[in-house]
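The letters A, B and C name the chains in turn, as written, and every chain counts its residues from 1.
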Amino acid sequence: MEKFSYVNATSLEQVTSLLSDSGWGEVMVIAGGTDLLGELKEYIETPKTLINLKTLPGMDSISADGSGLKIGALATVADIAMYPEIQNHYTVLAQAAGSVATPQIRNVGTLGGNLCQRPRCWYYRDETVDCLKKGGELCYAIEGLSKYHAILGGDPVYIVHPSDIAPALIALGASLKIVGPEGEKTMSVEEFFTLPATNPYRENVLEPNEIVVEVQVPHPKSNAKSFYLKAREKGAPDFALASVAGVFEMEGNTCQAASIVLGGVAPAPWRSTEAEAALTGKMITESVSMQAGEDAVKDAQPLNDNAYKVTLTRNLISRAAMMAAK
Amino acid sequence: MAKHPVSLTVNGDEHDLLIEPRKTLLAVLRDTIGLTGTKEGCSTGDCGACTVIVEGKAVTSCMVLGVTAAGKEITTIEGLASDGALHPVQRAFIETGGYQCGFCTPGFIIAAKALLDENPARTEEEFRHALGGNICRCTGYTKILEAVMQAAEEIRTTA
Amino acid sequence: MSEKKEYKVIGTRPIRHDGVDKVTGRALYGADFQIAGLLHGRVLRSPHAHARIVSIDTSRAEAYPGVKGIVTAQDLPDPADKVADLGEGAVNLKYLCDNILARDKVLYKGHAVAAVAATSPHIAEEACTLIDVAYEVLPPVLEVRQAMEPDAPLLHENLKTTSLGETADEPSNVASHLQYKKGAPEKGFAEADVVIEREFVTGTVHQGYIEPHNATALYNPDGHLTIWCSTQGAFTVREQVAEILQYPISKIKVVPMEIGGGFGGKISVYIKPVAALLAMKTGKPVKVLMNRTDVFEGTGPTPASYIRVKMGATKAGKVTAAEAYLAFEAGAYPGSPVGPGAMCIFAPYNIENVLIDGYDVVVNKPKTAPYRAPGATNAAFGSETILDELAERLEIDPLEIRLMNGAKEGDRRADGPIYPRIGYIETVEAAKQHPHYAAPNGKKHHGRGVASGFWFNIGLESSVTINVNVDGTINLVEGSTDIGGTRASIAMQAAEVLGIPAESVNPSVVDTNSVGYTAVTGGSRTTYATGYAAYEAAQDVKRQMIARAAKLWEVDEANVQFADGEFSCINGKEEQISFRDLCARLGETGGPVVGSGTVNPGGAGGAFATHVVDVEVDEETGKVEILRYTATQDAGKAIHPSYVEGQIQGGVVQGIGWALNEEYIYDAEGTMTNASFLDYRMPTCLDLPMIDTVIVEVPNPGHPYGVRGVGEVPIIPPPAAIANAIYDAVGIRMTELPMSPERLLKAIGTI
């Protein structure tokens, strides 16, 4: 780890003004630090200054009312997973948060950090590899080892977005609040994430002098069922090989609306409009659910080692749909 | 790159320290304070050997900067036994053979303690989930789970 | 030894003597060691898998504030200078030295090139980046079959294949070829009604001990060198350091700290000689720690392998012939465990006609090291899968076919030895009678598999001294590092002899200056051989105590009897004194009693295991879940049953990890892409059921209490047992390890 100077945050204004002076990487913010510390230890990031956000008051709160949830960016992943209202009415979010990393990491890692965490790609995380994501010429997954890489939306960088919480939030139609030197702005979580075709170096639209401060989640409809299915190599803890966040508005066995967002298969959480279309308005049967899975992966472009993810994603989507019908 | 004055309460004792910002909480505990019972196995938060309790929650101290723990109350393996008596989890680990080499043991015991402080009434499946952040390479976990369940039973019945 | 013996201490479950230390954080492991004036060392490692070292320039690093010393291979004695003294041995010395610090070539990514001692770990790490190494990068060879190709890049220009005693003319990556033959395999296959042959591939896996390697060295101006470290064998460290540094063994003291797991991976030295060199160069104590990446990239894993197995059987289920071709990756230097693999592969069975060929092949990966029954797990994955397939084709129960062909006392193994009393059949019977095997197994996608395994176990030298205390307790001094409760299992054997409780023994594991030579904690030998030495030391104490009682009573020693902790006089006087009371009277009868025992026993007695596993295969995700697991094993005599169970459970779970998740994933340049505990996936408690164990006791005639080693054999059956269960569940024969979701989905997709 390189040396850095350290500042405790006192206000959002102070944070954004400290960030404003630099581009990416000179001044960085730390909250739980469970992702950033890994990057610091491996010299992937070498900031001159770290700002500790945890000293900002009130930003770790979770509140719920009839219209929805407000979750501060400093709320821990464990708090989200264990919050009774979230467990009862936002199942997909509780399940996604509960599937993150280890109990110890969930106790420290924050919502904001989970959304803004960097890729787990083994080329990106190797300090000696100057890959496209880090400003180099090449995405090494294309010719190299790609077992854990993207099958959708990859070009030109084939990382997968590692967040479990992001697909759940998008499936629930959540939005987030960002604060920068110009004040605050709100956008949908879906718009927040970007594909490498737009920007190969970052995974979201955040500017170097902005931070995420809050997420708002609208209350799901009373007939909504939601699930987070995560396929991984170990029982846990492990990142997703593929995951499905699904919110289904059901009338009996008929799906009135479906919101299906995939994790672990694309450089950003990936809404499958194809799967949604295949289910919406349909009575869910085995063949309908399988069709939804097929449709979701019809444009998949696997690399050398990850064709299995196509099968896996297809199967997970149809499994989620069948669970909604039960 | 000035060092930062940091006060920590570790096992009930207050420590006023000057810490280089890049030092992890684990390094502060082991090297600065000298509490070497907490172990470093992976430095990436994956093995749980460095688990300590910060403000009632189990955390992997290798993934926390010492400076961010300022003002916090911390319990390490050295702080578990009180008045010369072992904590029920410690005793259960000895009695069941819940460890072999002993290196992951402080992390497991601390993780289990945090868990039991929160709620000792759990199913085997819940204990498995709660201990999923700790790796043991010697025991195959059977006797670890037996130890934790034995301790939970004791805490429930004596509570 | 066949009759059941009654024991007072053996077979009970006392609390281990290091229990409190290890649950309170007080036990001191290598990284916990502190000494005044300590410097911190860091090793610079090769970024290339195969390259010639053109030059190393340390001048920038030396000038860096806080740096106190830098070493490279130039600081090691040059083995080339030793050819006159050592002859052929100089080659081995060169390999040994080059693996510590590369001299002319780096042969794997992570190969140590230089090391820095500095005033802080951060400074040492930063200084490493200031060492300029010029490499001429060479193409790497990363897989055993590729390495055997005639046009493969050569790791060692002078390495020539030794095949059945002959050395080839041309250099090759094949270091050696061995062969075991019994009977007439061709004739045997001709007699078979069914012959099955398959190829198997297994990945490189690591022991995965949680404690990284560590060493602290101190060099005194009088020439005495002390090393505090984590090791499976302090004496082995002393020997290796002496050889590598060409330094007198009498001037080296190795202090074994507590050890955080080894499984075979902490026998070879890596950073210990480096710490010693840095200490010699700086005159200060130097501590060198590995991080997890260093451990994966810079220490010996167990080899990947390519295996072909062919077995034939009659309709009645008699296996008539078996053939195996084993090609094992040695890593960068010769010395894979293909030998033991070849000796173990068909060892549970009495097969008349056998042919086994083994190849030891160098590749650009870390030099492999032992890992729990080294070589046997790879081999059994092939043979136990084929045997399962034979049983299925012949419609014979898989345990039944094992009973029909199982080896017994008097049978000869293909590599020569004739079995003494062994307990293989008993493990199969125990598995068959276990409720698990009778439980229903018919659900969709559920399957059951079985497999067996054999491991030799070893004897080797051990020494124990016992100092008798006036209060009737004893202090037991031993040289076997305690990785899993051997303080207790050794102490209990001495306690049994002396008729005292296990708690009356204070065992200490001491440094190399303080006890007689003791070989490694490995080969499943510690409870067997060091326990044997403790038995002998206790017998020595007993003899001396009898003499004291005789002196006290003024009778002939032959008239003193010792039983149940009491000395009594026979043939005459009505005298009786307890062990404890006699201890209080040692002063007046001639002074303290110190007993000693040293052994190098030959009768280690092989260990067998038979496992039953139930799995559920999720055909949609490729995930295999272990639903139930039962392991039966012949322990000879379980000294401390809890710790025997623990050894079995731990071995099984390592085998499960090997079967389902664990492997080194290398890219084309030879970089291990998954060198962390996140990406190298070892089982957690969420991946497993409770592991059920059945200890079978067929006493080993080569030990006074019948002990057989227990530590290694349980890792052998799991991969094959799980593969067989997967077949039972979904009808697919998995022949490549690990059987990950990716591979399962691929296999399911192609049927």
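Going forward, a contact is a pair of C-beta atoms (placed from the backbone, for glycine too) under 8 Å apart; a residue touches a chain by one contact, two chains touch by 3 or more.
What you see is a predicted model; the values in this text were computed from it and never measured.
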Most centrally placed chain, judged by C-alpha centres | C
Go through A-B and B-C and name the pair with more C-beta contacts between its chains.
-> B-C
Distance-wise, how many Å sit between the C-alpha centres of chain A and chain C, to the nearest whole number?
-> 42
Inter-chain centre distance, chain B versus chain C - centres from mean C-alpha coordinates, in Å = 29
Give me the residues of chain B that touch two or more other chains.
-> 22, 43-44, 46, 129, 131-134
Residue ranges of chain C touching at least 2 other chains are 122, 678, 683-684, 686
Which parts of chain A, given as residue numbers and ranges, touch two or more other chains?
-> 1, 235-237
Sites on chain B touched by chain A in the complex | 1-2, 4, 20-22, 24, 43-46, 48, 51, 57-60, 62-65, 67-68, 111, 129-134
Quick one: which bits of chain A touch chain C in the complex? Just the residue numbers, please.
-> 1, 120, 122-123, 126, 128, 140, 144-145, 147, 231, 233-239, 241, 305, 307-308, 311-312, 315-316, 318-319
Of all residues in chain C, those that touch chain A in their complex = 47, 122, 620-623, 625, 661, 665, 667-668, 671, 673-674, 678-679, 681, 683-684, 686-687, 740-742, 745-746, 749
Sites on chain B touched by chain C in the complex = 22, 30, 34-44, 46-47, 49, 76-78, 80-81, 86, 90-91, 93-97, 99-106, 109, 127-129, 131-145
Sites on chain A touched by chain B in the complex | 1-6, 30, 33-34, 37-38, 40-41, 50, 52, 54, 78, 101-105, 107-108, 235-237
